[in-house]
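Listed below are the structures to be examined.
Both complexes below contain subunit A, partnered by subunit B and then by subunit C.
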Partner chain A sequence: MLAEARPARGERFRNLTFLVPLLILGVAVLLNYLLQPNLFQPRVLNGNFRVMLPLMVLAAGQAIVIISGGIDLSVGAVVSLVNVLLVTFVKADSGWSAVLLGLAIGVAAGAAAGALNGLCVAYLRLQPIVTTYATSFLFSGIALAILPRPGGALPRALTTFYRSAPLGVPAAALGIVVLIVTWWALRRTRFAQHLYGVGGDAAAARASGVAVAWTRFSSYVVMGVFAAFSAAMLTLSTGSGNARLGDAMTLSSIVAVVLGGTRLAGGAGGITGAVIGVAILTIIRNLITFANVPTWYQTLIDATIILAALAAPGALRRIRGRA
Partner chain B sequence: MREWLTRVPPPVVALALSVVLFFVAGAVQPGFFNLDQAVNIVRLAAFLGIIAAGQTLVIIAGGEGIDLSVANVVTLGAILTFMVSGGASERLLLGVVVALAVGAVIGLVNGLGIVGLSIPPLVMTLGMAGVVKGTILAVTQGNIPGGVPPLLARVVTGRLFGVPGILFIWLLFALAMWFVLERTTYGKRLFAVGVNRRTAHLSGVNVPATVVLTYTLSGLLAALGGVLLLGFTQRVFLSLGDSYLFPSIAAVVVGGTVLAGGRGSYYGTMAGALVLTMAESLLRAMRMGEAYQLIVFGLILVALLAVYGRQRETA
Partner chain C sequence: MSPPLLSATGVAKRYGAVRALVDGAIEVHAGEVVALLGANGSGKSTLGRVITGITKPDAGTLAIEGVVTHVSSPTRARRLGVAAVYQELSLVPDLTVAENVFLGNEPTRLGGVDHRHLTRVTAELLALFEGVFTVPVTPLTVVQRLPPSERQLVEIVKALSRKPRVLILDEATASLGGRQVDRLFQLVGTWRDRGMGLVFISHRMDEIFRVADRAVVLRDGATVGQLQLRGTVERRAAEQKLVELMTGGGEVGALFLDEARPQTPAAAEHGAAGQALSLRGFASGPLAPLDLDVAPGELVGLGGLQGQGQERLLLALFGALPHRGSMSLGGEQVDLRNPRQALRAGVAYVPGDRNREGLLPVRPILENLLLPSWRRYGTPLRMRAARHDAAGVATELNVRYSGLDANVATLSGGNAQKIVIGKWLLRRPRLLLLNDPTKGIDVEAKEEFYSLLAQLQADGTTVLFTSSDDAELLGLCQRVLVLQDGKVTAELSGATLDRNHLVAASLGAR
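What follows is the complex of A and B.
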């Protein structure tokens, strides 16, 4: 029904989907600057990037799954799972080899979780929304079994590095640059093209020789790996483990992807938009804090702004359609 | 195995599975196996069943239909009844009317956003969930004055011939849902819209109106669930409805309503609510730690979906 007109949309138009979100971000940053004049001081900026990066990585993975026509409601649970694995294998006095081993185990766990989701969605053809919701219980349960009570610690050198600014650029900002550059490099690859093809029109993709199920499966595995890296950065930020740490991130990752101009129907959008979406979400939270909004009204204002931002593209299309 | 299973109607399997689970629970925990326990489980399932009714309609309507605002509307419905009635039975009707009206308006806004601004249902209702939660926080500021009208508590928890009142309510409610889905023009249009919006439109169905009405009903029914839940819990708190959000979707799917829309039934949702509630009670009876409860619940859900949650052949 809705998908019919999409595959015809050219590369050019697809690349422009994040321009409106970029505009929203510009306005939000300007407002934030007016309320918080020291926003552009390195220390404040660095703090903002540190908060944004884990969610940006997660939203990037979510964007990949959504582009290929799926959705993943288990990402928050995977983040929690990898977080507790990291603090289980890495202690405050661990050396580099233990840190690398912990990271390898975390990434493997993330990939395995993604593979389970991918298996259910791509090969058993289960509905993504309910399936990944169901597996989220599984992952949360395992995380809670591994670490029943919050705790654990990382080597101080690691958490200090995450807060540092080598060559004057915050480490977290470097992470964001790496994320976007990697995406722009990968965007032209066959895998990325297949993601768009499968998400836009699976039947047409199959007819032109794309391995539809394999592409869908891979998108979930990639998501799992992204979730693992997101967890690693979050753990650097918090310095400890908590089996509930990622719970709230699932919905934020989806909202960020949509704010970034990616359609939930699949076949369009990109990681750049998702990264911008996370920046918008974070700045909105900043604004609410710095505008001295009474605590009881914060959720309402936060949610209303987000809903308005989500409604904006449709509203604009309606206005343009009438004009 | 799956070939055989898919030929049996999902509601029948869900129902049979809840009976099997009940026997398993009896074997694991001898104290579990009696009529009181059975009635208690059906009673708990009734709340989930009523809350999942609107979800059933929304999912049947298709177009990636889903309502993620139900949990917060349930909470709001309970809070409004609590505050408006002030604990007085003579003001119960007013409280219920206000709760249902507000629920319907929330659903109406969801429907208008989805149809009018083409916001995906998942996103629209998710955003609305935040707005409703925010409204609850802003209005109550953590302090909710009011009370539970004794009449409401009596209707929900009081027993007639040993059967709790909520079960009679659920039975009447189910008959009404069956009638709406199977015997009214709205029901016919709903299924037509769910199967294919274009053909529904070509055969004269007002598709936008049907979809908006469906989300409005979903909001109204969630608020009704909140009112009844208040009669059971007899107190309100800000996370009252939260634990019903995803079970409301799972119950619909387990009951055989196709997530792609166009096919489904309310008795399926009832059976789904029953089996989910039974599974949860079993896990609790086995006194597993929370971690293992989550793991087993997740596995049960995946297994049920593997049998019934398959998508229509799309490609």
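What follows is the complex of A and C.
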């Protein structure tokens, strides 16, 4: 008998599912560099990070929901809603206290939106896709009612800070570091353990004494909070409010999560992968711009990635079954 | 004498019209292993689920160390020191062994999960089974990679990690290998000597005699007696006593339909050519190779405790599961690779869970009846002929319905089951495979179903049939094959076709 049991190869890297996406990112960056030789100039790099960060935060939240076995199609609408709330409560001449109040209101709104989704999915047992698609119209509607026409502005100091590079590191890059450290800490909590358990096999988790409904509910609330922070970053980047600002981000957040190696069926994956997924998406967008291809190719690519991700497990099983 | 670790009395549980448990009782003292025994439908699994908080009883008292308590959930049961090892696994495939062992019970340090502690304790517990693993198992192994036997061991380790005072092993040995069972029993001995109380549920008489001190027997939802096993010299006599307790010694074979029971067709003596169904070395997954000849119009029962491979055999015959060996229908060699081919060859399968597999609940009766047969009605569909045929079958089956366009969901359980069977009757199958067809339907519907079976047989349809109701098998079949662990361990017919033989064979009694 095998006396000494060592983890098989690959198992040690189980939590590093983002290794393949990292490789893809490397190739994408190289291609981008070939088309845009000034890519690594601080100004260009900084700009890229600024574009990436809001979507990264959003995709991180989406990853949490998807790991727990759900999905959230209302995230873009929540971003829009928080964005218009921010520019409503914060004016160009607002002081620190108003900024903090605005942020608090935004985060509370995000959490409330998530709680509504969570309530419907976890406790009323409605289908996540249908529920969050429906609530997305609710959130969009509220956002449009608050700010029918784009407008508003943030204090100049804030937007300038977001563009700056304190200590030589772009502020947005610092944001990415904060995001990954947050995940690193979250991964070590009981909540994360239960997320993977519920997403992997809800019945088994229930039999083990995990509060399944509460875990699902919490995942949507956390998603809402992440969406609020995503909106805050985006508002820093654009400097104004628009009730349709987040619309396109829903699909992108899901594509990024999938690109990062998180299984759509739940139970596996992580935020690091989602962050890398966003980086890949952003660079693909750059490539499309520089290659002078019509922008609708972006949608085509997004859709292809999702289709491939859905088909991959079955295809792999078939290939393995034949071998 | 100190109060028992666990004592349940007067436990009752009703599922709809079915009384699963009427008066269940069990007592477990510190330092003893109690076997819980009963035939199909005796209520032993329900009693097990009540003790562990999975099922809420309608009535009854549960006391732990003499203190009456309410066990409302598995979590609560574990907190009270009662843990169970289930056969239906409670493991999450994507998590590691250590993460699974502590799922829902994670130790924390400084607000985070203490992974070091988790890994260390799991490693210690895994060491109990050191040397009997068939593949390397470490705390960091992902459960997905483990075969069923190792998953079962992880399941045992998981129950142990909660440091239970009462441990319930519900068919925990079913997927283990011989050496793993040996080790488990060795450990059970140690735990017992340390004062743990154990409840052991198994379908293997051998194991019960190896490990249990006492046996508690249930019959028809009530605890009917118990027997001291430790120190028993006369095993044969003890086995006989247990079987008698389980069957009540009563004659069940003649309960109903004795006059309707068709005689064994004369064709039974013919060679393979005259057989409706002939199997040689037919096997599927864990099923042992089977040789079987069934005459046209014969009704053969597949008996034994539930989940011993009966369903798997039926599904394999229906082409729904991969299989080996040879199969011939009416003397003609067939190779059924999927249900479509099986249907074309005249084989029909009636599933056990009619709501999930047998019916389209939100569609009309008409569509349900005709689903497998539309191809006979051309393009565009000749609706008038289809309606006519469907109405004919519904009348033949004596279905009580408001109209062919009513939803199947509006029918009672018994009438819904008739639709499930009726949709195959339109195709006039040669071989009908029935998977527990009368589960949860009322007596009257059952009677009608039995006469329908008799009629089918008279028409020459061959039937293979499983049932969770032993009386039904004994009352209807000319021949019953008893399965245990995927193997046919006995073939009962004529004088041996009675409840005592069936129960004894189900448990592998000598």
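The definition used in the following text is that the second predicted complex is superposed on the first by the 279 of 323 C-alpha atoms of A that agree within 3 Å, B and C clash if a C-alpha of one lies under 4 Å from a C-alpha of the other, contacts with A are read in each partner's own complex, and residues count from 1 in each chain.
Throughout what follows, a residue touches a chain if its C-beta (ideal position, glycine included) is under 8 Å from a C-beta of that chain, and two chains touch if they have at least 3 such contacts.
Please read all numbers here as calculations on a predicted model, not as lab measurements.
Q: Where does A:A134 make contact in the superposed view: on subunit B (first), on subunit C (second), on both, or on neither?
A: first
Q: According to the contact criterion defined above, which of subunit B and subunit C contacts more residues of subunit A?
A: Looking at subunit A, the partner in contact with more of its residues is B.
Q: Applying the document's definition of touch, where does A:G95 land relative to subunit B and subunit C: first, second, both, or neither?
A: In the superposition, A:G95 touches no partner, neither subunit B nor subunit C.
Q: Give one of first, second, both or neither to describe whether A:R190 is in contact with subunit B, with subunit C, with both, or with none.
A: Second partner only, subunit C.
Q: Figure out whether A:P37 sits in contact with subunit B (first) or subunit C (second), or with both, or with neither.
A: In the superposed model, A:P37 contacts neither subunit B nor subunit C.
Q: Let me test your reading of the model: by the given contact rule, A:A268 touches which partner, first (subunit B), second (subunit C), both or neither?
A: second
Q: Does the superposition put A:G26 against subunit B (first), subunit C (second), both, or neither?
A: Touch partners of A:G26: none, neither subunit B nor subunit C.
Q: Could you look at A:G151 and tell me whether it touches subunit B, subunit C, both or neither (first, second, both, neither)?
A: In the superposed model, A:G151 contacts neither subunit B nor subunit C.
Q: Looking at the overlay, does A:L307 come into contact with subunit B only (first), subunit C only (second), both, or neither?
A: first
Q: Taking the two structures together, which residues of subunit A meet both subunit B and subunit C?
A: Common to the two interfaces on subunit A: residues 1, 203, 205.
Q: Show which residues of subunit A lie in contact with subunit C when the two form their complex.
A: It comes out as residues 1-8, 11-12, 14, 185, 188-190, 192-194, 196-197, 199-201, 203-205, 207-210, 267-268.
Q: Using the touch definition from the top, list the residues of subunit C that touch subunit A in their complex.
A: Listed in rising order, the residues are 54, 73-75, 78, 86, 89-96, 99-100, 103-106, 108, 111-113, 115, 131-133, 135-138, 140-142, 145, 158.
Q: Quick one: in the complex, what on subunit B touches subunit A?
A: 63-64, 66, 113, 116-120, 122-124, 126-131, 133-135, 137-138, 141-142, 196-198, 246, 249-250, 253, 259, 289-299, 301-302, 305-306, 309-311, 314-315
Q: In the complex formed with subunit B, which residues of subunit A make contact?
A: My answer: residues 1, 71, 120, 124-127, 129-131, 133-142, 144-145, 148, 202-203, 205-206, 212, 251, 254-255, 258, 263-265, 296-304, 306-307, 310-311, 314-315, 317-318.
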